[in-house]
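Note that the chains are named A, B, C and D in the order they appear, and that numbering of residues resets to 1 at the start of each chain.
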């Protein structure tokens, strides 16, 4: 096979390396690696590193306040747990463990469509803690409708529709490893427990694992999805709907025109389009279009509290955290996730104090410097 | 000898490394290495890496269409096999094998003047599949005329005149290896079967291999070639004529003024002028001059489908693929070439779907971002 | 512990490496390492390296004059010893040895609040040589007052108030090493000998080392310090007051408005805010605001005499030297410090001669080039 | 000694490495290394690498003409041998061997004041071949006068006055090696045979080697040299006078005002001021001032024929070649020097042919591209 890229382990940071030591290689690669040449992944980090903070002094920073409001919800910090599927490949308790960590720190948890556990089981762990549901819009309208209704029933307070996955990106390492967590049955938490999905399966000639898998992949890959199709989902629920994967300012305009409630600037952590613009590089133009009319979130490249500061300064209202949490989960389950979130909270607090800002609302581009 | 550069094997990618393992070192070096310090080769890659794609969303990409029209010919994709000579050094069946691969995937094949096999034998393998002929204009008008007539007779539908080789670039590795495929008789496919060329040889005092070689090198090196000389070739045929090796916008203007039918922006894969402008860097100014009046093709630096996307976005109508195909050929003959083309087609399709474009005609610079 | 960064020794220069060989690893790390990812430290060096000197010729440089005037004080060169605490961790005689070196070369010595020895003992070594006192403003007004009075009594001619330490930066290496020189009692030279500080301690339930340490850390961390609070210190003394840690031009304006006598552009050697603007990058905007009304000093990144030249050319009146002197101290005590200062003086002289300037006052941005 | 930098051998190119293998380490270091951190040396190379050539096509380059006119002298190419002293440390026959190489290729030879052999002996080897003399202006007017007269007597056709050495740069490697070729008596070719210099020595209390050395170093170091002093030299001769070491456009203006006949843009190969502007970066502004009224030469960073092309395109009329020739000398004496010059001639010719220029006069900035 001449197309696979042999990638030696190389680590962005100590967290990643420790996770590498904890889980099987194929699972680690699935989590850590990105699409194609990984140019997008590298660009995500480079985009952050080019911005520097120009701090203010003598501003009485004895009280640092991380809390903020997002879609009329009160957040303890501008941080959410990104919708990451198949978390059981990192740790047996998967989303159950990370949800418990999120609950303890009062951080909203975004459940992935492709979670290892069902949204009901995860909601159970979350108790009263805030949760959103990430949706791959199926052309099987019945499944979409069923998933959204279950989300409403189980206290999910927003729907995140991922729009950067009309087809799956090219993951050369997974191809080389001949590894797919879906094929191993790791991402069925929501689907196999869904009545509409099961009804679909019953129509299949062979109601077996392969058929289920095929259906789910069809749902995740949604090449024909467009703004018209999206209107149908809009009618399904009164929950706020956010689009995840917006990178072009023209699409931010369309999001406003289509009454979308929020935007997540994201390139899927560099897992979809290779040589894609860094999410942070895409942020300023989008913030310029949005003009604070709806919230903007960002993911892809956040590793530290300083990164959160920079994203807020360039126009994000909050950020989603992905890989670092999964590394924490792999290293030490619930406690590992907690430690990572606490570390980033601490870094954000210290960065704010040293930059002379007391609240996340004060953070703006006057605190940034780029050559 | 103090002028040779000792170059340890270093590989751009896995494909190159696998090819390295398959063929003799001198042949690999001839294919893989470039002129002088290889600054041009490096720049070719760097030029691509600085552009990022800013994708659009929700555009219904269930049908991706790679086909396009070029010089009134229908192409299955904006990809052609570049004119590469002496392919037998990579694989015994040389151009015959790569031609079969091109035919199966309906990709136009550009036969090099310096092919290992004759254009007749290659045409035989290509059947009805599209073919162009690359010409080094000889001052021996009889040979030029004969080659062009043979091309017409054998169904070649365009003539590509290479204009970046008035003299041969300095290839330090080949000098160090004391290796020249021509001197080993590898590039005589077209010439030794040409009646005009053989007639010339008969005039030589000694009609031997050395004399033939000398004649051919004189033909390839064409230092006195100029626009006036080119007019004679123009009169030889009604086939469209493209110039390969245009890098300066002033020459694009002259090409228009001289009724040239197409331009190939190329620096000969970094094999001619060291420290030359990257072909991709030269493209925008040339596209600005041409204003779509004649087609623009590009080679030098294309490695993946994402590269094809970027070249089209900056003004190319199609691209030519060189080294990657020869590596595929070295690794696995006809199948190797096919796999490489299929991989690039697949990458282009996925990149288009993820960027939100359905046809190659939609690709433009609004999808690009450069800092 | 998943948050610590394992840092292998890597050395900026030979001086650092030699110091590494002389002292225990924890002490070396405390001195050499910086906050977080050390992006600020790296940026401090990169900021210098991007400027080049464009020299003048034929200007008679037979007499090079390094002397200058600062706050009505005559300096032998535009160089001061930065306020560095706990110098005993580098060398048993600590500040006493470095003070003797400064005295011999007539370089002003800035004593740190957190010095290992008391300002009285250090003043004793300095004799008539120039000294300033660096102050962490305590909310315990009595201690601030007492420290300032002792400084006045002991011949200190300026007060440097550090304003970039409302909280302590995140030093991952120290956390990993579980090392704190304060906790080892290394920074008590000024406090344990201070009557006001001791009186405070006597009010503590347990007058022990831990209580003293806690008090001192509270004093150094001064999150509520603001411009209002600063006015109280202003009233305590007629000595000139400089603020150390100014990086934003808006704060330079406020410094002028608050009758501050001088500004030190500094990011605390990259030990406080990670991803902070380089001090040299911050300098030009601040110099533009100040317009020579009060002196501007700079530290963070000065390693050679050429660096001093560049800082002066961009608007600094003088520079403070930190880590290099401590490395000299670690390597060879008083003589080591002297050698480092002499080397930098020599480099500055040679750079000036080769750039065609005779006095430090002549140095300006016409001598610089940046691409 | 804490100031020396330990430098492991690192080689710019194969030529340098081969020279390293041929001569003693101290001599190699003296030749190959630069001032301070070697930032200037690195910048000299970087400055070239950022420019790319944008070639023209179809221009009939069957005849490439390297010859040019400089100061009314006919040159076989725009290349001169730079004034390099103490060549005996590279090869026993030193300047005698390199002069023979220059003569055979009709390349002007600039004899250094600090040559190992006398200008008479070198002139003898040069025969009718073109020669210039490089002068360190001594405040001992008698010596300057005597050297200039000897140059006139021996057929030298221009005087090059080096103005970038008012003091010697800091060469840390030489200090570390405790090596000085002058102290080993290697640079006395011109002085010990000079009647005025010997007369000076006779006035010294001790007429010994140390006194001679001291005198010569005083002559080379010329800190008080200025434009007034230079006028005296101007009066000594009718030969054209060039200033070597001009980097600032203001000094180019002064050169015109002082009736200087030519300018050599140079930073002494990175051997004087560390962090100095690259000579190529300084060239355009100087060319803009000079407006072709007097010739501009350039050295510092020329390694290949492509470099010569770039220097000419940015405004130089010719270039001087230093280190590469000395490496050739070290490797193989006269033949080594010839091979290096021939290689660069060949590269220049090929670069011109491939860029579509027939004469060096045609080379201009339209052939360059910089991002």
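The rule is short, and it goes like this: a contact is a pair of C-beta atoms (placed from the backbone, for glycine too) under 8 Å apart; a residue touches a chain by one contact, two chains touch by 3 or more.
Worth saying up front: this structure is predicted, and the values here are computed from it rather than measured.
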Quick one: point me to the chain whose Cα centre is farthest from that of chain A.
D
At the interface of chain A with chain C, does the proportion of residue numbers present on both copies reach over half, so same, or stay under half, so different?
different
Rounded to the nearest whole Å, what is the centre-to-centre distance of chain A and chain C, using the mean of the C-alpha atoms as each centre?
43
Using the average of all C-alpha atoms in each chain as its centre, how far is it in Å between chain A and chain D?
61
For chain A, write out the residues touching at least two other chains, lowest number first.
none
Contact pairs between chains, per stated definition
A-B, A-C, B-D, C-D
In the complex, chain A residues that touch chain C
13-15, 18, 49, 51-62, 304, 306, 310, 328, 331-332, 336, 339-340, 343, 346-347, 350-351, 353-356, 369, 371
The residues of chain B that touch chain D in their complex are 2-6, 36-37, 39, 43, 163-164, 166-167, 169-170, 223-227, 229-230, 243, 245-248, 250-251, 254, 272-278, 281-282
